[in-house]
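Order of writing sets the chain letters: A, B, C and D. Residues in each chain are counted from 1.
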Amino acid sequence: MIRNGVEIRDNFAEAFPMVGTRLIVTADTPDWALTAGRVTTGFATSVIGCGCEAGIERVLGPEETPDGRPGVSLLIFAMDFKQLKTVVPLRLGQCILTCPTTACYAGVETGKRVPLAKTIRYFADGHQISKKIGDKRFWRLPVMEGEFVCDEDTGSVEGVGGGNILILARTRGAALRAAEAAAAAMGKVEGVILPFPGGVVRSGSKVGSKYKGLFASTNDAYCPTLRGTVPSQLTAETGSVMEIVIDGISFDAVAEATRVGILAVCDIGAEGGVVAIDAGNYGGNLGPFHFKLREIMGNEGGAA
Amino acid sequence: MRLRLKGGRVLDPANGENGVATGSARDIEILDGRIVAPTDQRADAEYDLGGDVVMAGGIDLHSHIAGGKMNLARLLMQEDRRAYPEMPGNFCGCGGGRAVPTAHATGCRYAELGYTTVFEPAMVGSNARGAHLEMADIPNLDTGAYLVLGNDDFFQRLLAAGAGQEQVNAYVGWMIEATQAFAIKIVNPGGINAFKFNARKMDLDEANPHYGTTPRKVLTTLIRAVTELGLPHPIHLHGCNLGVPGNDETTLATIRAAEGRRLHLTHLQFHSYGTEGDKRFSSSAARIAELVNANPNISVDVGQVMFGQTVTASADYMSQYRNRGIASPKKSIGMDIELDAACGVVPFEYRDKSFVNALQWAIGLELFLLVEDPWRIFLTTDHPNGGPFTTYPHLIRLLMDRGFRNAQLATLNKAAQAHTLLGQITREYSLEEIAILTRAAPARILGLTDKGHLGAGAVADIAVHTEDADREAMFSRARFVFKNGRLIVKDGVVVELAQGTTHVARPDFDRSVETEMDRWFDAAVGLKAKHFRVADGELRGGAGPTILKCEGVVS
Amino acid sequence: MSGVSLKPRAAFEARVDLSGITPAVTCPLTLLELEGLPVPYGGKSVKLAELFFIEGAPEGVLLIEIGDVRLDGVGAGMQEGELIVDGVVGAWAGRGMGGGVLRISGDAGDFLGAELSGGRIELAGNAGAHAGGATSGSRRGMSGGVLKIGGSAGARAAERQRGGLIVIGGDAGEGLATDMIAGTASVGGAVGPLMGRGMKRGTIFTRTVPALPAGFIDTGEQELVALQLMARRVPELKAVIGESVRARRLVGDTLLGGQGEVLVPA
Amino acid sequence: MAEASTQTIHDVACGFCGLGCDDLTVEVEGRTVRARGDVCPEAARLLKRLDVADRPASVAGAPASFDEAAEAAQRILSEARAPLIGGLGADMAGAGALVDLAVRFGGVLDHYASEGLFRNYAAVQRTGWLASTLAEVRNRCDLLLVVGDDPSATWGRLFERFFPADPLFAGTPRKVVFIGGAPGEKAKGQLARADVLHIATTDLVAVLEALTGFTAGRIPPGASFGGVAVEALVALADGLRNAHYAVVTWNAAALADGDLVAERATALVDALNVTTRAGVFPLGGRDNIIGANQLMLWRLGYPLRTAVRGQVSVHDGSLYATDAALADADVLVWVSAFRPEPPPEFAGRIIALAHPETVFEKEPDVLIPVGTPGVDHAGTVFRMDSIVSLPLGALRVATLPSVAEAVRRIAEG
């Protein structure tokens, strides 16, 4: 399948189940909401080293938030629920509670409950105030700046982590431009985050390593400087590869992000130096979710 | 009035008759409220029992059914009353409640279970008149009350002053007569008094902060007093340190302190706690049962804990104050009373998933099953403290049915299961043993010669149960109950209200004590001794008490 | 009958206790069964049909026409369904209700919504004393649900309230929120004297700063994120909060270690 | 007829105010009764009897025999829809008969002086309390807090009975602190040996709250509470903490905020008992209200202000309070054997079992004059502490039925 001169390889991204949640963080200004969002989702590129994968899902206007202030919605994913229950209060306590003017609300109503203020309310040393309206409880914690308002807990979803596309381009500059365009387009999709820096990862990995104790190592099949020395997936014209990793609250959300990402890359096309789009997998035996690139593109794939 | 109960299997351990074992049925004849030798005269009424089990009416020697603390419990636990409204067909329109039922409901529910005599085990002297008024309103039951003594300042002063035993005996005799009591109860010997001086705990040999007296001295002096006054029932003792882990040592020491003299340890379950295990709470039932078995002078009742909501009411304000933090619902009443005693009312819910409550349950059953002589152990829940008396049928099944017992055990708190021997105990009570525990033995220990058996001359208080392999079902509803020869329960339902009597013991004592009592009441209590005294005519709406004359060694 | 309508045959000459006669009880019954339901009336117990004309009504609804000031316990113990009173009720309306909706177009007597734990009560008229309070001997008042009073509430509204929301459109009488444990109440009109004594926790919204006992401390005007959160999440509070992001906050009853608050949106 | 000679009776027990004095001396001469010596004005007034003919029973204002009146009363009750059995000024036997009457005919039971009782129940039924009784106060109380107005106006010998010359344990001088009203001359006289302090305030609730706070170690902000300077409150809290046995007493009936006073006094005593001993001693108990209430609790399981409706009883502290219940009743059975207390204004029919000297604004539909327990017949009444009850003796030959007799006759018809 070729679109606008870009080969969409007959391959699939292989993804894993993750559990995730959404937080709505508001602040007095859009900037502070964004700051809180960035800090909270910082150092959360990969569960391998960060314990979770997180990102800003969307920027929210005042009319969209529970308290009428500008905000952001964040998604945080972990490999299991226990881990999620650990990382969310940690990040809430270190990054949102501390950030000027913020408040934090549940972004998911259903599913198992992930503690928010339920855990960190004790920071208020007995001065915390609880309010329960209907079935929903929130807390007010006196802080030096005023009050930190935070929902008791949030729901959770069984999501999908590790969706991806690989952008193969002639030059590093072309690969980066295509990746930026893809990340920008994919970031508009609801229910997904791209946890790596700027949404892009340049150090894609394969499973395992020659070194004991390393679970992952550089994806040598896609490293241009190793072309020929290892079994390579790169044609001779490919000078650089960028990967975009996608975590989402559902299979459909990840598939949609994959689709708009590929479209954005294809829009840049061969003229922009893009060679092909590929995806990372482990042979299909490890992850239950398979995002088949050509299937996802369907009739949008263009002429062969 | 002559009645004939035809063809029942008579279970009368006091007279060595066990129709259940032999399978033989016979008639029982009643003439004017008493059992008589069978005749062939025409009866005014006959009841065909068709082989049903016939026993004497049940006797509960320890159940809180009347007195100020029960009314405080009613006041505090209106939830209980609201949750258990009048039962349908309740023809007098004044029954209700479960943990603290009204006087009417108490009489009716007991009668439905086949009980006809119940003793209130903690009457405070200053409240005696009120307790007797309340007892008079309990239908269907004969009653009596044990006077709480030993924490009263008059007695403590006597002890502290080194008064002779004769002075003590005279005082005890005067108090028994003045309050129309049947026996002497000691609650936390000296501890209630010490709490008034702000002591928060009191062990057997600890000195009262004001008087310097010890619980041991209180106990031994009053044991001697009731012995010498000739009271039929021994000292009825609620010991030191109720409910405190580690009170097993106190209990063992208390048994030894009796030095072979008769002593009744009440609600022993609450006094059989060790401190082993990581929760520092364990069963000492085996150790205590062993010492009880070895001391024929000791009798006990268990005070079995039954799961569910109840309210605890005790004169032991010291212990109840300690427990008020675990009240459920969270409220409690305490009261220092009249230089006499005190009371504490604490609602409580025993939960089967609680380690402590589940182990308490197991400890009670261990005691039942490890104390060997059924004539020296009595079936009680210390109503309502361990649970309401209406749970007795369930308790009987636990004792009689090992499979049922172990199935219940398996549902309890896991850690508690691991801390009890109960699962290994194979003993199952027989029907005859149940009849001993609930009829014959209490009558004997209370000295009621015309009760608890079905021989000629006995009061015609009779319960008839249809045998059922499910012992809980069997004992939940009597087929017939006769009170003084009148049919009051038919097919588990009260059909008539009978007026019971109140048993009192009347010892001889040295009446010269009266001058001293007058002086004490005038100066200290602020009430005339003569107004403290309850006259015979004040009992049972003017009918007066049933008097058991005591032949003491002093006169 | 799927729905039931009750119309008093005449003004009641003694108190009638409708406790427990809820839509869930009446709707499955036949007309004959309904007629025979026992109802306490003064010192007696009478049949429902002696007091009411009984007719059908929409599915799942119990409708009481006209109402009566001696009609007590309307909706008491209700767990589901809809009970509508086209008129006034006596005491204990919605007592211990756990779910469903109770609508009353007229006034209500004392203890409206006492010990309410869930569901919704909407009263168009005025409520008597102890709205949302605790019954004799009970430690806690209303614990959940919504009690909306269109008119004014009598003395000791929200007494011992421990949860849920009380919205009083008009004035609140003396002793509002006495011994309040938790929960939220708002008053659209004037607040009577002696409010808040013994308040442990909970929030009272008022339009002006009420007279408060000695144990209350004025923390001054505060900018509170929670205001707009509540205004948005709780439509009933929108009226008293409006667009305010600031409120005067008074805390008490500190004499008893309480941390309740009175919020007066700026 | 023989000339009546004066007889002096000692140790007479008095059932009127609830304090339970039982050392009165009374002179009886035929039908004449009068108290002698040390006696409070209320007892003197209520014990006094002249040799006058008893007022006869009446039906609709016309004299009738006892039987005719009882029959008329039964007719009225049989037709009644919502009776209120009010007043309830009766001894235990009378109260028992009245409960039977309510069970039989249905109706609300309340005592005319129950307002204070139910204000106290706001505390005792909700949180419970730690209480004391007269003999304990007499001998142990080393610091007495009297909240509200000086109660000796109502209980004439209260302080005399609280503070005997030679208590067993309390050292001297014993301390008494009046919070609210100042002690009157009578109280001062009875408290001559005690240290008496008066702290004026108009806000008893705030003062009790602040005392509880200071006692529990909290430092409530403010320089004064209820108009009392913090220094005075801190000193008093220290005094309470250091007392061996402090007692807080109040008369809820006389306090508009009696429920809150009871709750706050309870909280204060709870706080004290953490480290020392203390108790509440609520005042009340007039005309055997405590006994009637006790009886209600063991008979019906509910306190006063309970309605029996078709043999099922239900309690409600407000709907079944006399004032509220009157508005819904069609028949009032008014019982007042201890004093000539007239029935409240009522539009329905009235059956009065009343003290013969009762002055009625409107003739009751049925009037049966009844004897007074402790004057005309024997009986039992409870003291205010609900623990001790007293046997009242007859001082003269009864010519009137007791409440119990009258009610039984009504029930028999």
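Going forward, contacts are C-beta pairs under 8 Å (C-beta built on N, C-alpha and C of every residue); 3 or more make two chains touch, one makes a residue touch a chain.
Quick caveat: nothing in here was measured; it's all calculated off a predicted structure.
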| item | value |
| --- | --- |
| Maximum inter-chain contact count - chain pair | B-D |
| Subunit A and subunit B, separation of their C-alpha mean positions in angstrom | 71 |
| Centroid spacing, where centroids are CA-atom means, of subunit B and subunit D in whole angstrom | 34 |
| Length of the line joining the C-alpha centres of subunit A and subunit D, rounded to whole Å | 76 |
| Between subunit D and subunit C, distance of the C-alpha-averaged centres to the nearest whole Å | 35 |
| Set of subunit A residues in contact with two or more other chains | none |
| Interface hub residues of subunit B, defined as touching at least two other chains | 78, 330-331 |
| Subunit C residues counted as touching two or more neighbouring chains | 136-139 |
| Pairwise chain contacts, counting only pairs that touch as defined | A-C, B-C, B-D, C-D |
| In the complex, subunit C residues that touch subunit B | 136-139 |
| Contact footprint of subunit A on subunit C as seen in their complex | 144, 163, 165, 182-184, 201, 203, 222-226, 228-230, 232-234, 259, 261 |
| Subunit B residues within the subunit C interface of the complex | 78-79, 329-331 |
| Touch list for subunit D against partner subunit B, complex | 11, 13, 20, 22-23, 92, 96, 99, 103, 121, 124-136, 138-140, 161, 164, 166, 168-169, 244-245, 273, 276-277, 279, 294-295, 297-303, 308, 311-313, 315, 380, 382, 386-391 |
| Residue ranges of subunit A touching subunit C (in the complex, touch as defined) | 26, 66-69, 101, 103, 105, 127, 129-133, 136, 138, 140, 146-147, 149 |
